Amino acid sequence: MEYTIRTGGQAGQGLQTIGSVLAKLFARSGFQVFTHQDYMSRIRGGHNYYQVRFADHSISSSRSLVDILIALDRTTVEEHRDSMTPGGLIVYDPATVKEKYGPEGFLEIPFRQIAMDTAGNRLMENTVAVGAIMGMLGMELQTLEELLTETFVRKGREVVDQNISAAKAGSDFARKNCGDCAFDIAVTPPAGAENNDSGASAKTDSTNSAKSVTETDSASPASSKKMLLDGTVAVGLGALISGCRFYSAYPMTPSTGVMNFMADQSRKHSLVVEQAEDEIAAINMAIGASYAGVRSMTGTAGGGYALMVEGLSLAAMTETPVVIFVGQRPAPATGFPTRTEQGDLLNLAHSSHGEFPRVILAPGSPEQAFYLTGKAFDLAEKYQVPAFILSDQYLADTEWTLDGLDAGGIPYHDYRLRAGDLEKVETYRRHAYTESGVSPMAEPGASRHLVVTDSDEHDEDGHLVEDAETRNRMVDKRLLRKLPLLRDEISPPLLHGNEHPETVICCWGSNYGVVMEAVDRLGESENIAMLHFSEILPFPGTKEFDYLHVLREAKKTVCVENNATSQFAHLMRAETGFVFGAHVNKYDGRPFMLDELLDELRKVGEAHA
Amino acid sequence: MEYTIRTGGQAGQGLQTIGSVLAKLFARSGFQVFTHQDYMSRIRGGHNYYQVRFADHSISSSRSLVDILIALDRTTVEEHRDSMTPGGLIVYDPATVKEKYGPEGFLEIPFRQIAMDTAGNRLMENTVAVGAIMGMLGMELQTLEELLTETFVRKGREVVDQNISAAKAGSDFARKNCGDCAFDIAVTPPAGAENNDSGASAKTDSTNSAKSVTETDSASPASSKKMLLDGTVAVGLGALISGCRFYSAYPMTPSTGVMNFMADQSRKHSLVVEQAEDEIAAINMAIGASYAGVRSMTGTAGGGYALMVEGLSLAAMTETPVVIFVGQRPAPATGFPTRTEQGDLLNLAHSSHGEFPRVILAPGSPEQAFYLTGKAFDLAEKYQVPAFILSDQYLADTEWTLDGLDAGGIPYHDYRLRAGDLEKVETYRRHAYTESGVSPMAEPGASRHLVVTDSDEHDEDGHLVEDAETRNRMVDKRLLRKLPLLRDEISPPLLHGNEHPETVICCWGSNYGVVMEAVDRLGESENIAMLHFSEILPFPGTKEFDYLHVLREAKKTVCVENNATSQFAHLMRAETGFVFGAHVNKYDGRPFMLDELLDELRKVGEAHA
Amino acid sequence: MPELEEFRGQNPAWCPGCGNLQILRTFKLAMVALGIEPHEITIVSGIGQAGKFPHYTRCNTFNGLHGRTLPVAQAIHLVNHEMRVLAVAGDGDCYGEGGNHFLHAMRRNLNITLFVHDNQVYGLTKGQASPTTSEGTVTGTQPFGVLYEPLNPMALAVAMDCSFVARGFSGNQEQLQKLMQAALEHKGFALLDILQNCPSYNKINTMQWYKERCYPVGPDHDPSDREAAFRVALEFGDRIPTGVIYRHPRHTLEEAMPEIANREPLVRQPFSQEDVAGETERYY
Amino acid sequence: MPELEEFRGQNPAWCPGCGNLQILRTFKLAMVALGIEPHEITIVSGIGQAGKFPHYTRCNTFNGLHGRTLPVAQAIHLVNHEMRVLAVAGDGDCYGEGGNHFLHAMRRNLNITLFVHDNQVYGLTKGQASPTTSEGTVTGTQPFGVLYEPLNPMALAVAMDCSFVARGFSGNQEQLQKLMQAALEHKGFALLDILQNCPSYNKINTMQWYKERCYPVGPDHDPSDREAAFRVALEFGDRIPTGVIYRHPRHTLEEAMPEIANREPLVRQPFSQEDVAGETERYY
């Protein structure tokens, strides 16, 4: 059993509220949920939608076809009426949409009128809509009532009650007027919906870096209340639990959510969040904070990151740990501010002048985002290097269900020398040569030892020098010694599906979910596996898992990327020499839908058959 | 016959004057000259030197050993006394150096005293020194007198005469006191100096992109007055003759020389040079100027380029031609401000968010710098893309002799639509779809047609849009169509030496000269060739010249780079799959000396034997 | 003479009731009143709600990066000083991200105009504090409220000796049109900061709030008196002065730059390779 | 109490006669006078001649990027508000490359000090015009001379309501030491612009030139009067006022920020994963 509910309308009409409440409801009811959003760069008007897919089995992507479309305006009807499943229904309020459709395929519900009648408040129309969906699906209202109570309790009992009656009225109306609705989540899945829990594909998910991928392993329908998390909150929680104490940034979609999350947390926890005057200041502040002794982070999108590049090299030269969150969006320049792309990988891999080690982690799901954020903080501080969390608008805005997050799964070790440690130190040199290349990092002011560092080439003390010998030793220390150690920390890519696959679908970052689901689907009839990279730089070695062997043994290898030039494939060739047999690229600013990817993979298959 | 003269001392002592006057003298006398400089990031004091190598045969690099050392201070004597050739002489004025040395290997000349005696002016001591060198070499003073006249005529006849007498006195003193000097340029070359003009190596230099490399082809001693040019002036002249009309930059070593050259030219020619408040402004100004209708350029070093990265993507998205000069220096961050490195190649290749075509040209000599600057302007404008000239401190400061420059060798075609062209146009769309991807570029204000462009994704008219279809078409136009056409414009690398070499020494950019000379030297006993890349992105194809075949056929391939991580080799593997057999890297901020490189190549050879 | 209709562009994507709509309307009226044809002006804008401005009228347009309007605008004018150049920016754009360019553009004093659509908030990115947001304002990013003083663009511009400094208000169309015309006609760098309501994100400085406070500086104010201008510029609270606050006519950069002063615009000065080829001679 | 000897650092690489040498000497005296130990202060500097400053004394040092002193300095102080933080920048550093940070640091008003070694030229890069170079000055990059007005840091700072605004002169060591101490002791963001001769590249504003012009503002000047301060700040020519020009004591950012106000510095506040782990609960 699975359904997709899409809510469409203009910015400002509240479709985000409807969508997110529905998603939460299904998650609390124990379903697997996957949501994604599509919106324009404007505050009011335009056309946006919020899509909620839920099922009693593992899902990790969106589909193109819709079972229930909640249309808040005419454009929504026009744009999406061709995307309905057979038996699907477009739900709308003729008073808002100012048009009458149907009756086939449409369900008229006077949201506004019901809101006025039951709560005397137009603003309740979204609650009516949510109630109506519950009614159509034959779901009980208890969970919704709880949710409404939680949400509105701060506004007083009256508002809660108004909302609950509005929801009830919506539900009642729907149950009454949708007698022939095919949607019933209590009954067997409707025709066309697939259940691939019994998928034959052997999973070697345990090779995955970021904890085992529990969010897709449980498939018992409506088993228990689930966590619902998007990529933004996942990064925020990861940073918080990693001990991030300073976050400086300049607003930029799709990274602002992380800043707002941290700002909100600063109301309760010891955490300073400062909006900088520009991105240059943002990264320099994060570096200053780290020098002063706390874990720090900044976040931005590609255009803002462009302004941080000099700061990156400053972090590298002064060996100051810093974590940088980059949310990709279609570019170059301003591009599509609210849409998605994987166009910044090579940029991050090579940006800035000079040579130094860096870490790039590109999570594929909120769960990976949480644990990899933890890993970014740990590696940044352990090796005193910059570490990136590379996300994108798609991951930032998609919600996944998961069973839970384990704070203990995030390592926390304070690598800095504090007052106590420094007492024992006789002479302190910020950039002392060491076997590992990692020098002791003291908190300035915590002792009489001076902490000196410089963006110029410097000696062990941190003072400016110009001689060739010191330069050679510093490059050795900063780069050549650290690099192999850092590479050993990187987990191999995840092979999901057949262990000896004839076909390997490779992907990285946010394409994880959709490729996994596609591979599971194709795995029913093909010998296929997904190879997903979430830890990208230093590029994973093959000691722990010889993924190159798997690729070379495969008959068909396809690299799926949300960009035009196959950036990951370029990096793969540069690092390993491996060349993919085929590529699937999408660069229109939209993420891959499951069915669309399946089509593309079939096409590629036929071309190579 | 060849000699190396090194002048060392503190910043502010005038060693640059001595070095550059000597270089010019030898060039005017018809010798082949090669100079390089080594200086600290300070205005007074410290230790710097200026090295002039000259010969009656082709030279294109510096050597470690010195025939004549002009020591302006004690440090110079201490630091360089071990670098003297047998029979070499250290020339110094005990009054300045405040120490007495020798007599073996030293020649005392009281520069200051002679200056006071003949011209009554301490400031003439550098002229005395130059005169003395002429005397030691047995050279006539006529050319020096001409040069002094040219240089000082603006200051009046008296100053000219004072200088000439100072020079004469220096020369006389040297002739008298250096009876046993082994230096005589009129006679046969001293033992140990090599003449490889008859080198057996077949040259396929004609495959080179940037004109044929005439500076190294002529080898008749003292044949005729030569041009003496450094990499800075070469780029400036190239820009000027390419029709560059606007240069905006923020000072940064080693790019400031180009800005100063252009500023100086603006006194005579229609050219606006504006010092921007920062590098962000610099590139945005260059883009604005180009949009408004003239060819424009900016220049910087790695740290300043870091701040230009967002502007790069703006140029790409708005399809505004712009030429960017980047002078590399050791990094990360501030690094070594006055030294050299090839550490920014991958950064330039991949910097900025999003995907778009770019051109990277990395000249190997002043001559290549001149013609490739011309090519950068032409390609930038023809394809409406950003084009880089990638240089470094070494190339910027080294002087080479050459027979001349051909202004006609720089293409000049005005690709913009001007008032006259626009009259015929009915509807004008700045970003119209075309077969080639290149849209008509009109001068705003030259007609009633509006020129509209946007850093957001836009339609053919240049207006902001958000739909997937336009996005796909624009990426197609901007990137996918232009890329192959642009790649076809790129000349193949230069193979110099044996046409079917057993050993290939690969290099790029400023290592051209030293690798060429090393290969010529080794070519006397080995089957060897140099493969030099001066046009790097789009990466050269193999249609015109199958260099990959040459590499694959060779028994030994070595990639020589002035960096620690073999960036070019990385790019080579990513683009072609080819992996070099060995690497020679240097990253201490100093360029390769000829003998040092020969040693390294021999070591690599032995390791692989 | 141009007609209003000639300035009709794309349909604005701004929120209903947004002050930008009034600014746009007023701008078109000013253009018609000044008799400027669409192709005679280039609007350079940044990113933000204000940055969309040129798409909603008709003109040469360079809609560049967030914060980078002024470098582009200045270069366009240096290359073609007969082209009218208008830079349009948001308060975040100009005083936040682009603050450094703002400082130095005032120094350069090219003959260009700058409109800052000052809604005291980051509109496009959904309501964070901008440099002009009042102290204490709570946002999703400033949970404790803005903790420091807003930037006062008028005082800053007077201190930088900006050659024309004025403040308008989107709700006072008549005055705003006059100010736009004065700014566009002023020879030199002209700053017009336009207070603009943002009904979606600025719930403090509403249309009503501005209406209650904005007053036109009287005829007794002498905009050529820098100290008086500074005094007026400092006023921002219960009463907000609008109108021309400071004016210092002086030479523009294009008048001082020998390459273009009293000459054809650079873009129309002829170029031939022969004219410059001789520069290689010096290097023999 | 620290001894002068404790502040001896590397040998300066500055030119003989450079005003920086005097500034350095005076700074050490100020440190001893204030009784600040080397480890109790962090100097953040940029790139330029002034940027080398911290290497020539002894202190915690973050010698960062050209133009980026203030963001680093502010963050250090936010993380450890018991650490004294001094930002040292050149005029190019602070008013050119770093102009935007300068504006916003004045707004934030953290309790840090800024010395600008204002030699009215780019020293390290060999003599190009800086934002404070006088109009008309010819350089290798400005062959026609600087064609526009210099930036007036004093007027700008007063306009930005900078909480302490002073000007010193490297040639007046006695006054300079007092100003340094006052700036370091001031609670809030303190700007001390130090006129400094650069014998190598600034042949106009020489030691002699400054000596003839610099005069201390008299006791009749009231630094708390913003308009008077503005008037004094505008003076720069035949006479150049030195001393404290403006002072506006008010709350600092660290006093307003609940996470750190009246609390231990952030760097010493304890962290444990358990304290924050519960934040995941909300997402069920």
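Which chain is which? They are A, B, C and D, in the order written, and residues in each are numbered from 1.
Methods note: a residue touches a chain if its C-beta (ideal position, glycine included) is under 8 Å from a C-beta of that chain, and two chains touch if they have at least 3 such contacts.
Keep in mind the model is a prediction, meaning the values are calculated, not measured.
Set side by side, the interfaces B-D and B-C show unequal numbers of C-beta pairs in contact, with more at B-C. Put simply, the chain farthest from subunit C by mean CA position is B. Our note on geometry: subunit B versus subunit C, Cα centroid distance of 42 Å, whole angstroms. Measuring from the averaged C-alpha position of subunit A to that of subunit C gives a distance of 38 Å. Looking at subunit D, residues 47, 65, 96-97, 99-100, 103-104, 131, 144, 257-258 sit in touch with two or more other chains. Subunit A has residues 40-41, 266-267, 277-278, 280, 303, 310, 314, 318, 333-334, 337, 454-456 in contact with two or more other chains. Residues of subunit D touching subunit B in their complex: 13-16, 47, 49, 65-67, 96-97, 99, 122-126, 128-129, 131, 140-144, 200-201.
Contact residues on subunit A toward subunit B in their complex (touch as defined above): 40-41, 280, 301-303, 305-307, 309-310, 312-314, 316-318, 328, 330-337, 339, 341, 343-344, 346-347, 349-356, 454-457, 466, 468-469, 471-472, 475, 479-480, 563-565, 567, 570-571, 573-574, 577, 579, 587-590. Contacts from subunit B toward subunit D in the complex involve residues 12, 40-46, 250-253, 256, 259-260, 263-264, 266-267, 273, 275, 277-278, 303, 333-334, 337. Here subunit C touches subunit D in the complex through residues 95-100, 103-104, 107-109, 131, 144, 147-152, 155-156, 158-161, 226-227, 230-231, 233-234, 253, 256-258, going by the rule given at the top. Listed in rising order, the residues of subunit B touching subunit C in the complex are 27-28, 225-229, 233, 237, 240-241, 243, 245-246, 248, 265-267, 269-272, 274, 276-278, 280-282, 284-289, 291-294, 296, 310-311, 314, 318, 404-405, 407-408, 410, 412, 443-445, 447-456, 462-464.
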